[in-house]
Structures are given as C-alpha cells and as structure tokens.
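Following this line, the structures themselves.
Same chain, two partners: subunit A is paired with subunit B first, then with subunit C.
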Partner chain A sequence: MAHQVHAYHMVDPSPWPLTGAVGALLLTSGLAIWMHFHSMTLLTLGLILLLLTMYQWWRDIVREGTFQGHHTPPVQKGLRYGMILFITSEVFFFLGFFWAFYHSSLAPTPELGGCWPPTGITPLDPFEVPLLNTAVLLASGVTVTWAHHSIMQGHRKEAIQSLTLTILLGFYFTFLQAMEYYEAPFTIADGVYGSTFFVATGFHGLHVIIGSTFLAICLLRQVLHHFTSEHHFGFEAAAWYWHFVDVVWLFLYISIYWWGSCLSSVERMPVISAHPVLV
Partner chain B sequence: MSPKAEDMTFTRGEKLPRLASRAFSSSARQLKNKVPESQKIFQEDNGLPVHIKGGTGDVLLYRATMTLTIAGTCYSLYWLLIASFPQKKE
Partner chain C sequence: MAGRLLLRACTTTLQLRSGVLAPLHQTFLLFNFSGIPTDEEQATGLERRTLQALKQGKDPYSILKPKHYAGTKEDPHIVPGIGTKRLVGCLCEEDNTAIVWFWLHEGEAQRCPSCGSHYKLVHHELPH
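Here is the complex of A and B:
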C-alpha cells in the first residue's frame, strides 16, 4: 500500500454528503407537503435520513481521527478553524434576532401603546427562574472547564464526573425553561413581544439541546478512552460551543429578560393622538 | 468471613495479586480500553472505505440509508407531481 508523504487528510469517498443533501430536500419539501396536504410521511422520512447521516458521518470522523490517526497537527488546525468559523456564523444568526428585538423595543409603535413591554403584556420576573437559569449556565461553564483540566491532567474519573455534571446542568436549564414556557402569561402570538421573545429564546434553547448532546457524545468517548491528555479536540470543540451557548444566554438575559421588562415612566406616557390597541 | 486477597480469583480462575485488591475503585469496574483493538481493525490494509470498514453492521446501515435516500427522492418527486396539478377547490 502506498503511504502519503504529507501530513494532510485525503478522505475516503463517502456517501453521507449525498444522503444528507437528500435528507435536507425531504425535510424542506416535507414541511411544505405537511402544510398543504396534511401528510407527514415525507417530513418524517427526511428527519430519519438526516439523523442517520449525522450518526454515520460523525462516527466516520471518530474512526478517521481516533482509530486511523489522520488528525495530525495541521489537520487539527483546520478543524479548529472550521469550528471557530461555524460558531461565528451562529453568532451572526443570533445577531439577527437581537436586531429584531432592539428594532421593536427601542422605538415601540403606537399600536403597542408606545411603550415596552407593550400594553397588556406581563413580562416574566427576571429575578426568578431566569436568574436561576443564568446561575445554572454559568456553573456549567465552570464544570466544563474543570472537565477540560481533568482531561489534560489525565484524571479520568474526575473528567467523567465533571463532564456528567455539566450535562446535568444543561438538562436542568432545559427543564426549567420548558416550565417557564408552559407557565408564561404570554404566547408567541402576542404581537412583536411574543415573537421576539419566543423566537430568540427558542433558538437558544435548541442550541442548549444541541450542545448538551455534543457534550454527551464527548462523555461517551471519554469513557471509551478516546481522549488523551494531549489530543482531545472533539471535547474542546464541544466546550467552545457550550461557552458560546452560555454567552448568548447572558445577552438574552440582559436584553430581553432584564432591560426588556423594565417600565420607564416616559415610555409609559401614551401619545395623545393615538390610542393603544390590544395586540 | 471476607476472603483473603491471596484467595480471591477472577472469573477465569487467575489468582488476584495481593496489591491488586486495592487497585479497583469502589464503584463499578472500569471499562477496558478497546481503542487499540479498533485501531487494528480500521488500519487493516483491506482497501475498504472508512464508512464500511467496521464490518457487516456498517454495510447494513449503509444499505438502509441509501434505500431511504433513493426511495425518499422518488417519493418527493411524486408529491411534486401531485402539487403541480391544480387543486380542486371545495
């Protein structure tokens, strides 16, 4: 067998980009068919195909890195750039929703009562569950850093414990947020307040679930002895993603939960010529 | 009465060395490191691409995925056909 004389990774031909593309096609067209013809088959097929693709694609990456040794230092550098660029794209994704929130809340229209929160909206108390959620995510940032140091120092049991704790904190956040969603006195249909609140916090919650899943895979790999004290980029990528999720929450908490719930006496004065419309 | 360390044996009948009686953690037994075995399997010079190099399970999962891919593509084209005809208004 001819051996390569360079440090880069020439990947084997793979079917997963094709199956993933078809999965995305079925998911999107399936969504349209569900809305117009009330059939969920195409949508479900797309979801299953996408899940199968993700499982096999990432399984293959673990094989290429951990079992075949393809993740040399230059290759790992590329993986690092890739993860950083991906997280940057996610930052821009959230930036859009923050833009929408500030657009509507900095200059509330007469239809809202000329104030923020709009007339008729009872915002959530930022010093109750939202504050607990903030503490939970900040604590999980500490435990994931503890896990990283444990891995680097070769402390296997500690790494497993701290990583497990991080994931449990992630689940606790998701549980608390689900409770908040259920108990909230307003819905997504309650005007621009409801839209901006639930779309921004909803996408954040989805990212918490994705991040928790990524960390859970890392826990499994740590248990299976995949990580060494010098080489554990999969874990580092998961930790970066987790810190990103934490930072997005902090911005959400300060902007939407805290600043967005404050009533200003100036903003509360209705414009004389307009009357507030219940939205 | 608790057995002496010299008398303890593994399931395969080997005697437990004296010092090793303190080597196990108090929780469940540690998982054996199977990475070297996997490295041997996936570095074997058999010309197989990584997505089916793991064995029969890989091939079955690949076939199932590709079947869904092709069937799904046909099914989406079927719905495209249906959707492109004018719908009867009730």
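Here is the complex of A and C:
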C-alpha cells in the first residue's frame, strides 16, 4: 500500500468528469435541437447522462470520505472553501436577475404605462401565500439549525426528526409556490413584469428543489450512520445551501412581491408629455 | 394502601433516576448510546491516523505550521524528511516575494545561500 506524507487526497482516476462533460454537451445541443426541430431525444439523453454522472460522482465522494477516510481536516477545509465559492457564484447568478428587475421597475417605460406594476398587471397580494411561504422558509431555517445541533450533540432521533421536518417544509414551499404559479393572473409572457417575476422566482424554486434534494440525501446518510458528531460536512454544506435559498427568497419577497406590488399613486400616474395633445 | 403503593413508586423512581442509574447513564453518554457515533468510534483510514496522531501531539502529515526556530547554529530550523534530502524554500524576510530554494541533505546543518539561516534535516519514518 502506498504511503503518503501529506494529508491531502490524491483522487483515483474517474470517468465521471468526462461523462458529465458529454452530458452537458448533449443537454445544451439537445436544447437547441428541441427548440428548432421539436425532437427531445438528444435532450433526454443528455439529462439521463448528467443525472447518472451526479449520482455516481457524489456516491464515489461519499465512499472516499466516509468509508475510506480520505477526508482529513485539510481536505475538509478545501471542501468548505469549495462550497462557499460555489454559493458565492450562485449569489452572483441571482444578482443578475435582481438587476434586471430593478432596471425595469425603477424607471418603467411608457410602453408599461410609466408605472410599476405595469398597466393591466394585477400583482399577487404579498400578505397572502407569499407571506406564508416566507414563514415556511424561515421555519425551515430554524429546523435545519436544530438538526445541526442535534447531530453535534449526538442525538440521532432528534436529528432525523428535525431534518425530516426541514425537508417537509421545503416540499410545502414548493407545493404552495406551484399552486401560486397555477393561479397567477399573469404569465411569463406578460411583458417585462412577467419575465422578471417568473424567471427570478422560477430559478429560486429550482434551487429550493435542489436544496431539498440535497437535504434528503443527508437524511438518508444520517439514517445510515454516515455522520459523526464532529465530522458531518455534507450536512453542513446542505444547511449552508438551504440558508442561501432562504435569503434569496427574503430578497425576492421584499423586492418583487412587496415593493414591486404597491408603488405609490405618484408612480401610477401617467407621465405628462412635453407636447400636450389638444383634444 | 394505594397511597403507600404510590409513595413506594415515587421514591423508587426518584432513587432510580438519581442514585442507581446515574453512573450507568454517564457510561451511556461516554459511549454515546444516543445514536450518533463520534470520530473516535467511526473515523477510519488516513483521517483516523491524522486525528489520533494530533491527539498525541504528533503531526506526521505536516498539517500544522512548522515549529518556529531561531535559525542560528545553536537553534537550527529542524526539517523532517523521509529520505536523504528534502527541498527547502527559505523566506529570508517576511513579505519577501522571492523564495530561496535549495536541497537540504542529511548530515551537518546547511545555511541558506541568501540569508544564512541554519537548516538541519532530521530523518522521520514514513507514516503508515
């Protein structure tokens, strides 16, 4: 057996980066083919390959860390940096959509009626389901912290209970948001309001689903005794991601749902032309 | 009679909770029967070797910052090595951007060709 003098993990050769790259290629080209030629074959193939890659790559990481002990403290530190950098990149991703929203809503064009929400748009009441969604996500932030402390204190049953509750709250949010999407009086095609609303909240919803999936994997691993009270970084990464999703929602709620729905009557007044037309 | 039975039940419970079970309870805590293992129980492989060594004050995998030495003839920088030579990079002064690299061989202490600090290679066994 080869012995190393450092604490880092020199990974074994793996096919998953290649299959992931091929999957990404098929997914993107498949998307283009679907849009132009109505065929979903390439897209489906790419999706399957990508899902298989994710499953097997992450399964291998669990094997390397939990079963083989390759995740020494320095390796864990690297994983922490990695997760933080990834979440930071996601912050910038959402920043773009917030920029788009504020660009259009702070100076609404004449085509919109010079006001925000634009003429003809009935926004959702921020104090109905959106407020409930806010409470649901905030509560899930509490339960995930409860789960973390349970793990650190070695309480298996409580950890499983609180993590399950967190996931259920995540599912509840997704369910409520799906209902809102179905019932909304406007669509993505309704001008820039529809575009900014559904793209920003849509990507957020996708991230809620991703976060819930990550937490569900952690629940499975916790049930299977993978985590120790000191070493449970997979769970911490999922919790960080979940808090990030929660914070994005808070910004969405304040900006799009609340501020974006009830601008003062001044903004709602039509812009007075420099050359008034005599009727 | 029911009253006496109730009294017996209460006192027995209190006795069990405070006196008899306390040492057993502490044993349970020590071996973490509340369900989640500790690193001591479950860590394996290189992670386990790393943690066990650090607990004994040893650092065979060079995780911690090297000990500080004066670098004089009497107090040379001790460089652990598994072979007969090891590369040393000397940062002669703080904030220097040019690192002075040289091979440190076993035997007598060598001096950095730039600042003259003393370095001594000390043989260590390959960690298993």
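Just so we're on the same page, the second predicted complex is superposed on the first by the 273 of 279 C-alpha atoms of A that agree within 3 Å, B and C clash if a C-alpha of one lies under 4 Å from a C-alpha of the other, contacts with A are read in each partner's own complex, and residues count from 1 in each chain.
Everything below uses one rule, namely that contacts are C-beta pairs under 8 Å (C-beta built on N, C-alpha and C of every residue); 3 or more make two chains touch, one makes a residue touch a chain.
Note that the coordinates shown come from a computational prediction; the quantities given were computed from them, not determined experimentally.
Looking at the overlay, does A:25 come into contact with subunit B only (first), subunit C only (second), both, or neither?
After superposing on A, A:25 lies in contact with subunit B but is clear of subunit C.
Just to be sure I read the superposition right, which of the two partners does A:223 touch: subunit B = first, subunit C = second, or both, or neither?
First partner only.
After superposition on the shared chain, which partner residues are touched by A:53: those of subunit B (first), subunit C (second), both, or neither?
Once the two structures are laid over each other on A, A:53 reaches subunit B alone.
Once the shared chain is lined up, is A:63 touching subunit B (first), subunit C (second), both, or neither of them?
It touches subunit B, and subunit C stays clear.
Touch check for A:12: first (subunit B), second (subunit C), both, or neither?
first
Does subunit C touch more residues of subunit A than subunit B does, or is it the other way round?
Counting contacted residues of subunit A, the larger count belongs to B.
Who does A:38 touch here: subunit B (first), subunit C (second), both, or neither?
Neither: A:38 stays clear of subunit B and subunit C.
With both complexes overlaid on chain A, does A:71 touch subunit B (first), subunit C (second), both or neither?
Only subunit C; A:71 stays clear of subunit B.
Go through subunit A and flag every residue that touches subunit B in one model and subunit C in the other.
Shared contact residues on subunit A: 67-69, 157, 225.
Show me the residue ranges of subunit A that touch subunit B in the complex, using the header's touch definition.
Residues 1, 12-16, 18-19, 22-23, 25-26, 29-30, 32-33, 36-37, 39, 41-42, 45-46, 48-49, 52-53, 56, 60, 63-64, 66-69, 157, 223-226.
Where on subunit A is subunit C touching in the complex?
3-7, 67-74, 151, 153-157, 159, 225, 227-231
Mind pulling up the subunit B residues that touch subunit A in the complex?
25, 31, 33-35, 38-39, 41-43, 45, 49-51, 53-54, 61-62, 64-66, 68-69, 71-73, 75-76, 79-80, 82-83
Hey, which residues of subunit C end up touching subunit A in the complex?
Listed in rising order, the residues are 32, 34-39, 41-48, 50-51, 60-63, 82, 126-128.
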